[in-house]
Every structure is written in C-alpha cells, then in structure tokens.
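The following pair of complexes shares a single chain, chain A, combined with chain B in the former and chain C in the latter.
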Partner chain A sequence: MFKAILYTQWKWSRVVVALSVVIAFALPIMSVQRAGITEPSRWEVRELLRTIEMWSVWYAVFAAGLGLLIATTAWAQDHRGRHVYALSLPIPRWQYAMLRFAAGSLLLAAPVVALWIGALLATAMAQIPPGLNAYPNALALRFALAAFLAYSIFFAISAGTTRTAAYVLAVIGALVVTQVMLQASGMYGGLVEALFDRVITWPGPLEIFTGRWMLIDV
Partner chain B sequence: MCDRMFRTGVRGTGVAVLLACIAGTSPARLEAQDVASYRARVDSIARLWEAARESAARADSARRAAITVDTIIRGALVVMTTPQFVDVVEPAAQLAWEQLGATLREDTALMRGRAFYVVSTESEDPVPERIRREAEVIAYADGSTFEDVAMRIGQRIEIAAIADLDESTSLFFGHHVPLRPYADREWTKVYVELATAPWSLVRACYLGDLGRCAEASDVPAADDPVTEWYDAADRRRYVAADPRWYHERDPRRTQCIDAGSDRACLDLMRSLEPGELRPPLSERARRSLAVAALELGGDGAYGRMLSEASHGPEQRLMSAAGVSRDSLFAAWHARVLAAGPESPTITRVAGWTAFFWVIAFATLAARSSRWRRA
Partner chain C sequence: MSNVIETRNLRYRAGRNFEIRELSLNVPAGSIYGFLGPNGSGKTTTIALLMGQLRASQGSIKVLGQSMPEAAPRILARTGFVPERPHLYPTLTVEEVLRYHASFYQSWDWRRADELFGRFELDRSLKIAALSKGETGKLMMLLALAQNPDLLVLDEPTDGLDPVVRRAMIIAVLDYVSQRDAAVFISSHLVHELERICDWVGVMDNGKLVTEMPMQTFKSGIKRLRVTGAPALVEDPPFVLLSRDTGETLGAGEVWVVRGWQTPMQQYFEGIGASLREVVDLDLEEGFVELLRTFRTPRAQG
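Presenting the complex of A and B:
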C-alpha cells in the first residue's frame, strides 16, 4: 500500500520535487562564486563571508517553502476528493496519515541529498582562504532538519479540517490584535515578540531555523 | 559680427547667440550694438545683481536671527537643535551621554565641553551664524532613529577627543578614540580579522601567542616595521595587495611577486613614507585594545590615558589598563575569542530537539479528527 501511496504522491508533486532538486543542488554552488581568489586580502575575505551570509538566508527560506509545498501537495487530492479514497481503504486513519507522511518524507529526501552533494561539490571547487572552514555536512544536516520540520508542521495543519486551519489563523490573528490593543493602551506591547522569541529559541520548535546557515565560515 | 562670434568659439551659448544674430540683423537694431551701450547695460545688470544679493543676504540673516534654538545639556555635552527636531535629538543626546558614561564612568568630567548643532538634512532653515561659530553641525538623514543620531553624536565626540592625545597615539587609534562600549558585533569583526588575516603575526596571535599580538599591533613601536611586522611571504603578499604599485607599473613589483625577490619587496615597502605602511592588525583591532584597556582600568582609566605623564600608544594603554602589557593583551585576546560567531555545526541537543518536534507534529497529524468532523 505504501508503494501505491508513494506513487500517487510522486505523480502529484514530481514537478515540485524536480525543481527543488535543481535549486538545492545549485544553491551552494552559486553561493561560493566569490571564493576563487588564491591569496585574498582582509577585505576580500570579509566580502566572501558577507556573500555567503547573504546566500544563507535562502537556505532557510527554501527549506520552509519546500516543506510547505510537499505537505500541501500530499493532502490536496484527498481534500478535493472529500477523502472518499482514504475512507475506502481497510486501514485506520492514523495509519493512512502516517503512510502519507512517510511518502512525503521520502520525496523530501531527494532535494536534501541534492543540497548535500551540491555543498560538497561547491566546497571542493572553491578556494577557501586560510582561517576559514567549510561546513557542507553541517549545512546539509541543518537543511534536512529544517525542511522536515517545516514539512511536519504544514502536514499537521493540512491534515486537519478547514475549521482547524481557521482556528490556527484565528489564534494568530487574536495575538496580533491583542498586541495592537496593548500597545495602543500604553501597556506592555511585546506579547507577539515574547511568544516569537519562545518559538525560535531552544526548546522552541523553530530553533533550527535560527542558527548559522554558513557553508564557509570562520 | 555673427561670424566673428562663432569663430571666437562662443559655442556654449549656441541657441542664444543664434537668436541674437537673428534679432541683430534688423537695420533698426544695428545702431544700438556699439561697445559703450553694451558696457552700460552690463553695468546696470551687475548693479541689479549686487543689490539682489545684498537683499537676499539681509533676508537670510534675518531668518537666521529669527530661528529658535533649543539647547540640551548632558554633563559636558551640549546639543542644540531647532524645536521641530527636539523629539529625536533630546533622547539621542541622553543616549550618547549614557554610552560615554558607560565607558568613562567618573572620567566624563574630563571631557572638554563639546557643542553640537544637530538637525535633519531635510531642514530648510539656515544654521544661525552664532551657532556656526560655537558648535559643530551634525546633519542626520531624514527618518533616522534617535539611536542613529546618538551614534552620529558619539562618533563626532570620539573624533574630537583625539585632539587630547599625541600624534602617534592618534595614528594608532585611526584618528578617533573609542569612548563608547564596543558592541558585540564589533568584537566579532575583530575575531574574524584575527582568524582570517593572511599575516603570520596575526595568525600566531590568533593561536594565542600574546607577544605576537603586541608586535602585530605595533606595541611597542617597531624599529624596522617592514621586517618586524612582515616575513618574506607576507611582504610578497603585501606588495601584491597594494594597488599603488600596480598602477605605477613599478618593475620591482614584478620582481617581488613573480620572481620572488625579497630584496625588491623590501625596496618597495621601504620606499613608503612613514605612517603609510600599515601594521598587520587593523585600526579596528587596535582600537579594540583601547576599549579593553578602558574596561580593565575601571574608574579613572580614561584620566590615566590622557595623563601628561603618558606618551605614545603603549604607555597610554598600559596606564589606562593599570596592568602589565601581557595582562592587557591576555584580557584583550580572551575578549576577542569569546566574541567568535556561533559555529554553523548543529549541537546534539539542537538536532534532537528538532527531531522531537518533527515527531510531535507528525503525531498531531495522525490524531487529527478530519474524518469524524468533516
């Protein structure tokens, strides 16, 4: 049954997967284009680090976007078909959801591996100045964890009803409104910031997104 | 006449001349084209221009006199501005003074009175004459926050404070005294410099050789900087990186870089004027030494740095820090290493935490009530 689910999910998301494999492979290679000087000066080293840092933002954005696309694609056909196919299967819902999750995870592994190969190739080709180190494995691992995390978050939201999604949005909206009202009344206005801090710092779920996504660093 | 004018090259006013020529061809006008009448007309225009200029100057002066100026005084710091900018400038002056106080503590009393006139670049009011004489004008970009303005004031104070020090110390600090606390990102930049500089002295310094740190920052001053600061490989690298010899196409550059002649490298580097040869550690890194010295010295550190008894960067740094050279460099080195950026590697805890959240959200998806409440 897993094979059948994997096949259908591949059919629905093959364009996304193929495109993301290309992007994942190219991203690290494009980020080291400045790392070609044999004996770089202090300024050139700083410029190289600045360029790598600039590119590093895109890894996080790409991981989040990829997770979102694969997760929503996994459930899109079920929502459209009002879950008739799933209900016709002789398995409980949790098992069906896990099969979908596993199939999506397997598809997600392709761009992760592409990024890893791209990062290894990029650092092998680049002229890395003394004092700097390459971190292709760390970058690939961070990307993998971030992509799987984004995927699982969006998978959980997509697996729910429209009502669940509305609840999630309503909670976020209520937080923003409360923040605005507190600020307008001159009271403590850092509610959203405080909550956001909790989410992006350990042990918050999004902590993995906030580290240094550097392919080359000191 | 038209031919003559064109021949003498009055080309910039082509269209005007053409029109004048067309107008001047009428016989009635020809009589009025003599030199004397032209001179009279030019003189009358010049008189009109002079009168207009005087009138504008009087109006400008009246405007300057009519401008209301608010004065904000924080200790020895005097900041003036027009009422429309007080909302930004007043908290900026407060912040600038607090930042100075954080480094100088009680020594803020040693600061000579500094007066600044701070306005937005959008301001259309001219700077009053009295203010222009008494204060330094700081124009900040429209939309700046009070923190930005405080930074501008702080920078000007640091530049002005260099006048209290001798020439060699001024050169050492890069012409401004670091009187405000260094932000973490500034220390991180020094760390990156230490970790990535191509110079052998700086690399040894990064690895913990404090004597090399002192040499790389020119403490004490080197007798022969070319050989004491740079080894043969560094000298070749220095010559290759310096654009002046590239542009001059000096043959010694080729001998130094391509043929590997150290004599040529030495010749080139020794041909530099005193002060032109840069020490291996940058001005930023050397300024951070002063920050470390002021931090280490505590109360009275800035006073000791300014003291008449101290002369030259080494003495002033030691006096400010109140410790030996080795201790100062040890404290500075520890401070720089502590500011190293977070490693890109993932800690075991962070990795497992992310994995835990993946499982948690997947479990949430499995428990969804989609089919029961669709």
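Presenting the complex of A and C:
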C-alpha cells in the first residue's frame, strides 16, 4: 500500500524532486567558488564569509520552497477529485494521510542527500583559509530539518479543506488588522513584529530558517 | 443478515434548499436494488451517506451488517463503488491505477481483472485523462468488480454512455452477481435499464423515499384504467387512485392510474355506476412518472 502511494507521489512530484536534486547539489558548490584562496588577506577572508553568508539565505528559501511544493503535490490530485477516491478506499482517513505524509518525507531525502554530497564535494575541492572550518554535515542536517518542517506545515494546511485555509488566512488577516488599529490609535503597534520575532527567533519553531546556514565559518 | 443496507430515519441537510429526510432504506441480501429518482432527488447524496463520505445529522446506517461510518474501512473493503463522477487520478495510466487500487484490497482478483480487461478492450498504457467517457466507465466497473465485493454500489454507472458500453457493463455486473451472489445497489434515472435487471426498487423524490418494494409488485400493481360513467366524486376505492384524467372525449372515457390493483376490484365500478372498459399494465417508467406525479401533488381522489 505504501509502495503504491509512494509511486503516485513520485510520479506527481518527480519534476520537482529532479530539479531540486540538481539545485541542492549545485548550491554549495556555487557558494564556495571564492574559497580557493591560498594566502588570503584579512579583507579577503571577510569577503569570503560575506559571500558565503549571502548564499546561505538561499538554503532557507530553497528548503521552504521544496517543502511547499512536495506538500502541495501530495494533495493536489485528491483535491482535484474532491477526495472522493481517497474516501472510497478501505483505509482510515488518518492512515491515508500518514502514508501520504511518509511518502512525501521520503521524497525529500533525495535533495537532502544531493545537498550533503554537494557540500562535501564543495568543501573537499576548496582550499579553506586557515582559521575557517567547513560544516557540510551540519548544513545538510539543517537543510533536512528545515525542509521537513516546511513540508509538515504545508502538508497540514494542504490536507485541510478550503475552509481550513480560509481560517488560517483569517487569523493572519485579523492580526494585521489589529496591528493597524493599534498603530492608528497610538497604542503599541509592534504586535505583528513581536509575534513574528517570537516565531522566527530561538526558541521559536521557525528559527531553523533564520539561523546561520554557513557552509564555511569560523 | 437479511439486509445488506439498512438505514433508519436518516437526515442530512445539503445547503439551504435540499434535505434528505426520514430516509429508511432496506436493501435485501442478494438483491439487485434499483434506486430511482429524478435528477436532484437525493440519490447521489444518499449514496455518499451510505459510503461514509458524508455524515448524517440524524439516524443510523448499517451496511453489510456494520455501522457506517464507524466501520467504514471494513465495509469499504467489501464494497465495490462506482461513483457518479469518475474520480481517478488523471495523470496515471490505466495500468498504474489498477496497481494502485489493487494494493488497497486483500480480496483483489487479478484473474478477474485480466478477464474484464479483455472483455472491455481497455488499453493499459493510456492515461486516465485520455480515456473516453465509456472507457472510464468500464475501468471504474472493472475496479469495482475485481475487488470481489459482497456489495456493489453503482451511482448512475451508465449515465451518458452509448448502448454498446451500457450493455457490456450491465452484463458484467449480472455475470458477477450470478457467480458471487452479491447484492447490487444501483441508482439511475434510466428507468428502462433498471426494469430489466432489478428485483427491488426504491424511488426517491425531493430528499424523501417515496416507495420501496419488489419490482414485480411495483410493476404489476400499477395500472391504467379506462373508465366511463364514473361520478365526479369517488369514495373509498379498494385501490390507490394515483391520477384521474377526466378529459372525456367522444365516449372514450376517463383515464385512471391506480396502484394496488387486483382483478376482483372490477366489481367496484359496478357499485359506483361506472363501467371499466380497459385495464392496461404500465411499464416501470410510466409507473415511475405517475408515482412521482401523485407524490408531488394531492391525490386525485374526489
């Protein structure tokens, strides 16, 4: 049963998976292009770290996008058929959702492994200046966790009905409206920023996206 | 187990203007039950309730002796379902759909699936999106039958199909039933089609079950009578007077449509000073139309 579900999900998201494997493999290699400096000046080391840091944003964006695409393709065909087929299968709904979730999680492994290999290759080929270290394993692990987190969130949202999505949007909209009203009345106006900070900084659940994604660091 | 489907006082509201009300169905084991009703009468909603896809706000449903939706997976494992609108994944090929579907059913019969493939002349390599309406219908039927179900629930399975495909599908169902002694619950508004194959009939209209009875009783009990000289007001007839067309022309008489007719009832007309000129059997479609007409309007009894 799982094999059959995995096959369907692979078929629906294989283009996304194939493209993401290429991107995941290429991203670390492209980010360390400037790392071949054998006797770097202090300025050049700082420039190198700055470049690596600039590239690091893309890992987070890539992980979030990958999670989103794999999650939406997992449910797209069922949504299209208004879930009639899935509901007519002799399997509890929660089990069906878990199998789809597991299949999508497994598909995430391909870009994660590609990124890990790419990071290992990139750091092995580069001559890293003294005082700096390579973190291919940590980067791959962070990427895996971020992609899995994004996938889980978007999978949960996609699994729901249009009404669920409307509720999520309504909550976000209510927050924004409250913020605007508080600001207009001259009261505390940093509600959304404060909440956002809580979510994306440690120990917030999305901190993984905003932390350091450095392949090469001090 | 005497009934494969049993509902009691089902209620379900779909939107503001439509409601299933007090629906009590009884589908006997081993029967082919025709579920008739005009478009929008609630047939598909009822089937969605029976299949656990909708939850009734009131009442109970038992399918194959188990409660729906509590025992949905166990019931669905023994039920072949062909929905009104095909819902298969359009990007998969026929072969892929078959393998996917088979993986969910322990009772899946590949031999039967292969045999039906040959009979329905389906191309395994075609994508679902590329199938014609008839091919999709045949594939849906194949999937339902190859599960080896104890119950087949077919929601307008032949609607919009050409006669050749319709015939092939009906024959496949009848062959299956003769081999497995399975029960069939088939909804349709194609009355003639059901007339030939069903032994029970239930009629829905506007969310309510109008009647439910053996097909033979339904067909034989409804007659068209030609009557002359009947008074304007008739009291306590021994049958149910469904309609009375009083447009008498050139002595041809009135046309009465009655239910529950038996030959000895002829004497009733002598008693009211009328004369019975002709008794005509109605086919299922005519009976169905008359039944709905009387259900929707007050009875024509004087």
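Structure notes:
We take it that the second predicted complex is superposed on the first by the 216 of 218 C-alpha atoms of A that agree within 3 Å, B and C clash if a C-alpha of one lies under 4 Å from a C-alpha of the other, contacts with A are read in each partner's own complex, and residues count from 1 in each chain.
Rule of thumb we're sticking to: contacts are C-beta pairs under 8 Å (C-beta built on N, C-alpha and C of every residue); 3 or more make two chains touch, one makes a residue touch a chain.
Source: prediction; values computed, not measured.
Of the two partner chains placed by the overlay, neither chain B nor chain C lies in contact with A:121.
Of the two partner chains placed by superposition, only chain C is touched by A:12; chain B is not.
In the superposition on chain A, A:212 makes contact with chain B only, not with chain C.
In the superposition on chain A, A:87 contacts both chain B and chain C. By the document's definition of touching, neither partner reaches A:29: not chain B, not chain C. Counting the residues of chain A that each partner touches, chain B and chain C differ, and the larger count belongs to B. Shared-chain residue A:141: touches chain B; no touch with chain C.
When the two complexes are overlaid on their common chain A, residue A:4 makes contact with chain C while staying clear of chain B. In the superposition on chain A, contact is made by A:130 with chain B only, not with chain C.
Comparing the two interfaces of chain A, the one with chain B and the one with chain C have residues 82, 87 in common.
Put simply, chain A touches chain C in their complex at residues 1, 3-5, 7-8, 11-12, 77, 80-82, 84-85, 87-92. Residues of chain B touching chain A in their complex: 191-193, 195-198, 203, 206, 237, 240-241, 282, 340-346, 349-351, 353-355, 357-362, 364-371, 373-374.
Interface residues of chain A facing chain B in the complex, by the touch rule stated above, are 39-42, 45-46, 49, 82-83, 86-87, 93-94, 97-98, 101, 129-132, 135, 138-139, 141-142, 145-146, 148-149, 152-153, 155-156, 158-161, 163-164, 202-203, 205, 207-208, 211-215, 217-218. Within the complex formed with chain A, the residues of chain C that make contact are 51-53, 72-77, 81, 83, 85, 87-92, 96, 99-100, 103-105.
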